[in-house]
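Same chain, two partners: subunit A is paired with subunit B first, then with subunit C.
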Partner chain A sequence: MRGWKPAPHVLLLLPAFIVLAAVVIVPLLLSLYSSFTPFRLTRPDSIYTFIGFRNYERLLSDWDFWVAFGRTVLLLTFALNLEMVLGLVLALLVEKATRGQRILRTIMMFPMMFSPILVGFQFKFMFNDNIGVVNNALQSLGLTNQAIPWLIDGRLAFISILTAEIWSSTAVFAIFILAGLMAMPREPLEAAKVDGCTPWQSFRYVTWPFVMPFTYIAMTIRSLDIARAYDIVKIMTDGGPAGRTEILWTLIARTAYSDARMGLANAMSYIAILLSILFTVIFFRQLAKARQQIGAEW
Partner chain B sequence: MATVSLNNLVKKYGNLEVVHSINLDVADREFIALVGPSGCGKSTSLRMIAGLEDITGGEIRIGDRVVNDLPPRQRNISMVFQSYALYPHMSVAENMGFSLKIAGRPQSEIDAAVADAARTLSLEELLERRPSQLSGGQRQRVAMGRAIVRKPDVFLFDEPLSNLDAKLRMQMRTEIKKLHAQVQSTVIYVTHDQVEAMTLSDRIVIMRDGHIEQVGTPEEVFQRPATRFVAGFIGSPTMNLRDAEIADGKMVFANGDALPIPPQFRDKVSAGGKVVFGIRPDDVFPAGHGIHSGDATDVHTIDVPVSITEPLGNETLVFAEFAGDDWIARMLNPKTLHPGDRVDLSFDLSQAHLFSADTEKTLRS
Partner chain C sequence: MDENAVHRIKRTVLKAGHLIGLFLAMAIICLPGLWIVLSSLRPTVEIMAKPPVWIPRNVSLDAYVAMFSGVGQGGIPVLDYFRNSLIISVTSTVIALCIGMAGGYAFARYRFRGKTSIFLGFMLTRTVPGIALSLPLFFVYARLGIIDTHFGLILAYVALNVPFTVWLIDGFFRQVPRDLAEAAQIDGCTRWQAFWRVEFPLARPGIASAGIFAFLISWNEFALASQLTRSTNSKTLPVGLLDYTAEFTIDWRGMCALAVVMIIPALTLTFIVQKHLVSGLTSGAVKG
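Coming up: the complex of A and B.
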């Protein structure tokens, strides 16, 4: 090695490269490789058996996987849209507050301060068919005398999970939209009033186009969030009963750790990541378009 | 086209009253300028007329309608804002046609109106651009285009030229004047720039601390200012204003120097009276270099030292020391003067103003 002297810039960047390689690139390549093997945690040798695309082929015809995939997309669609609408309403209300706006903003963020695991436990308790406050309230109000099986019926369980998800994360939308509203110049709104707009028209033609880019940023963040949703569902229903609320990551985790089929699980993950990439690309396109539209200087 | 009248108009924010019961009648097709220093209530008054601020007391009429409780969209006004307030996500054409679109007019009519306004303001080339792609002057023209497209009863301008550079401001000033001659509608124009107010308007309303100090044509407010404030506010360079006391038939200044009482005020003052003497730089000049040098009747000349001069080419502003202070004089056909030179300074007292030191009102009857 004597006499070998790497250029200074290579030398200086080397530590960063080594760290990156150790924590990101090697695991990534390893997991990608393992998705081409029948690797089982219980039989470590199996990682050396290369089976090509067999895992992927198998997944393409795996009904349970695609149901979980579809359910994740469904959850994502419902959650994003409902959170956007609710976040918008929240932001508009908070923005109207002339007093105590700071306190309201802080309160609005409370749900984000709880770990999703705790949110899951809380909602599991609230939606419990025997002792939950939801059924208790419905029965006390005389709306029903049945114990509604919130976490057992597939559709109701989906709604319960959606509720927990929305409760914990609507604030993300509210905060981004509020930031947009606060950054918005007053004068175009006044001009709209003078130009003859009703309050609804002012919102539709002036306010909404302005806050749209902020909504897309929130959408991007939340779509990644929900596409990797795991904790709340794990706690509330664990994908059950009988797979009725199984979503991508509960299925992947089950396959990897309970069934110990790591190779197959890794193949699932790579397909799941495509979903996240797809949504990110869509929202970033929209964001770029919206930014250009309002002539944003950021 | 419409008249606008403000009757005992009051605006309060909480307990703070910012507009104190003002009265004003604007005639049909009149161009009226509200002018005053910042915080004088001119913009607030304009915004009340527009409907962007609530009215605390009094009433506003546009035409024969009391509009106090009408939202802006029912007042048939249009407004040009200082920051232009264009809709950033719409093209120039969409910006200009927006009010008509909201009013539900057919697209063909909108297109025609926009094309018409674009021609008036030479914006034809820019119709497809977005506001962010325009220069300040172009944005300003789009804002005016947006205002004229809907053919309102009243145009409201809120310091429309303040964000432009000096050269562009003069150019746009001329365009606004031409525009008013063309569209012939009532205009209320708020500005803090007295030159804009003087050059553009039929009548000027000078406001201060929520009161109207004087309403008059540009000539009236310049030649016969009603108060000390108006005298100091209108005219550039500003009028020389000095406190004085009447004694021995003269005006005696703080340091004991004196000038004769201007002839038109001789029977308005009495010994011991405290007054404010005002005279425009145009009426103070080195002997032989004044506007009225040939035929001025009541010219009083004193020998004083020059402090500094500001040559402007066609004229020179001379700051000369008298009564313990620098007075601004305007020298036409300028000759070279140096600081410390002595000069025969002529005061054309027939053009001078006297105000009561207590009420600050003019002593002219």
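Coming up: the complex of A and C.
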């Protein structure tokens, strides 16, 4: 191969390719293979037994798995939509502020710096039924006289987790929508006003279409690290009480490490990976579409 | 009432509503954090008190002193965790930045076939949930004997960060006009010199913020670290946080103190990057 010189972009992209291949692609292929075996950590040679699609067949009829799957999708749908709406409200509030915008923006980013595990722990502390600040406040204000079992009742625990998730990630949406609002030219808004639009109309037909691509960027970024919810759930309830808040990722971790059934867990994680890829691809396509729609400005 | 007065009242009400809304939003964002800081300064008795004690009576730094005075007093080896976190985060950030700079430059400056799909492919590797990735990694690492080492985690975090650094740095290099480097080349610079003397300095703030972003991701990562670390050899702070939870009891005060220790570096760094972060992500994705 002497004298052969690769194109510069190949050379520049090579390190990224190598690292990603070594740490992501190859292990994933391995896990794809092992999802077709009854592999258990306690019996290493079981990785050489090939059982075809039996793990997947088992999952198809596994009620617990599909409940966790449904709950994950539910959690993501609720979280992403509420975050988007709240982020929009927050961005509009901050954008309207005449003074101290810089400080407001900094405060707004505050939750983004918290590692998800900290968020989980923090809300576990606050929602604690005995010493948590939420119950203490409710009792001191006389709104209730018993301790509300936030993390012990299945449905309340789901709401608590949702709250933690929303608290930590609304900032992502708010920041991108704010960036969009600030980049927006004034003229169309003024024109709309002159033409007699109500505030709602000028928001709906002028501001929103403009801000939309920014929302999709935020969505894409969020969908990239969507599995961060694992940390929060793991700390707050660890899938409990009695599996009432079990989501895909906690179920995978439990199957793989506590039950040591790696093969089955790998089959599950493949379904989880497909789910997140699906989310990301959807948002990427929406982003491309929204970008085309306002292509004139860019 | 004439029309002017009605209008004025409406305006005042709207303004007041806006201020109240803003205040409420900011309070909800800040209070949880403040509560943690406050709890780390109070004795456990006060945290557990029933009925609750709202205004702290004894404020002390005991929790922090205990934490940093070694295993004997604090219960958990925070200093080791802190060291591990620092080594792992800094090393993986530096490596991810170098790789990201090469990749980002390639995406920003060269035209080649399949550019968009390669870019999307990079991003898709990032969608793999940490816990799903940890299963095969655990197996491979166990075979190679690099479980519970700094090297193992650094490798994993570099791979985790490369897609993001490529994305961000690509955006920042696009903002640097192509003509500048060309002008430098006409003046006799080699391509490398043109990059190093002209384009790199201009993109530096953006690259720095990409670095801080990568640092924060490694600093905060939990799902992979919780499975790939075993002992004080390589446990990081997020994993160490779990040491405060026993079977049925949790040392809330100690945990709050450790939380504050974890958040302070993250806070400081994020303040520095906030401006560049958004512009980088948006220019990379919107102008595409």
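The criterion applied here is as follows: the second predicted complex is superposed on the first by the 271 of 298 C-alpha atoms of A that agree within 3 Å, B and C clash if a C-alpha of one lies under 4 Å from a C-alpha of the other, contacts with A are read in each partner's own complex, and residues count from 1 in each chain.
Convention: a residue touches a chain if its C-beta (ideal position, glycine included) is under 8 Å from a C-beta of that chain, and two chains touch if they have at least 3 such contacts.
The structure displayed is predicted, hence computed values, not measured ones.
Asker: Could you classify subunit B and subunit C on subunit A, in the superposed arrangement, as clash or fit?
Answerer: fit
Asker: Let me test your reading of the model: by the given contact rule, A:224 touches which partner, first (subunit B), second (subunit C), both or neither?
Answerer: A:224 contacts subunit C only, not subunit B.
Asker: Check whether A:262 is in contact with subunit B, with subunit C, with both or with neither, and answer first, second, both or neither.
Answerer: After superposing on A, A:262 lies in contact with subunit C but is clear of subunit B.
Asker: Angle subunit B-subunit A-subunit C between C-alpha centres, in steps of 10 degrees?
Answerer: Angle at the centre of subunit A: 80 degrees.
Asker: Touching A:107 in the superposition: subunit B (first), subunit C (second), both, neither?
Answerer: Second partner only, subunit C.
Asker: For A:239, using the defined touch cut-off, is the partner it touches subunit B, subunit C, both, or neither? Pick first, second, both or neither.
Answerer: Neither subunit B nor subunit C is touched by A:239.
Asker: Of the two partner chains, subunit B (first) and subunit C (second), which one does A:22 touch, if any: first, second, both, or neither?
Answerer: It touches subunit C, and subunit B stays clear.
Asker: Tell me the contact category for A:194 with respect to subunit B and subunit C: first, second, both or neither.
Answerer: first
Asker: Hey, is it subunit B or subunit C that touches more of subunit A?
Answerer: More residues of subunit A are touched by C.
Asker: Contact-wise, after the overlay, does A:210 reach subunit B, subunit C, both or neither (first, second, both, neither)?
Answerer: Touch status of A:210: first partner only.
Asker: Looking at subunit B versus subunit C in the superposed three-chain picture, what is their shortest Cα distance in Å?
Answerer: So the smallest C-alpha gap separating subunit B from subunit C comes to 7 Å.
Asker: Both subunit B and subunit C touch subunit A; at which residues?
Answerer: none
Asker: Where on subunit A is subunit B touching in the complex?
Answerer: 185, 187-188, 190-198, 201, 205-206, 209-210, 293-297
Asker: Across the complex, what residues on subunit C touch subunit A?
Answerer: Per the touch definition, subunit C meets subunit A at residues 18, 21-22, 25-26, 28-30, 32-33, 35-36, 39, 47-48, 50-52, 54, 98-100, 102-103, 105-106, 110, 112, 118, 120, 122-140, 155-156, 158-159, 162-163, 166, 216, 219-223, 227, 238, 241, 252, 255-256, 259, 262-263, 266-267, 270-271, 274, 278-279, 281-282, 285-288.
Asker: Please give the residue numbers of subunit B that touch subunit A in the complex, ascending.
Answerer: These residues of subunit B touch subunit A: 50-52, 71-73, 77-79, 81, 83-89, 98-99, 102-103, 130-133, 146, 150, 156.
Asker: In their shared complex, at which residues does subunit A touch subunit C?
Answerer: 7-9, 12-13, 15-16, 19-20, 22-28, 30-31, 34, 89-90, 93-94, 96-97, 104-118, 121-123, 125-126, 130-131, 133, 136, 139-140, 167, 171, 175-176, 179-180, 183, 213-214, 217, 220-221, 223-227, 230-231, 234, 249, 252-253, 256-257, 262, 265-266, 269-270, 272-273, 276-277, 279-280, 284, 287, 291, 298
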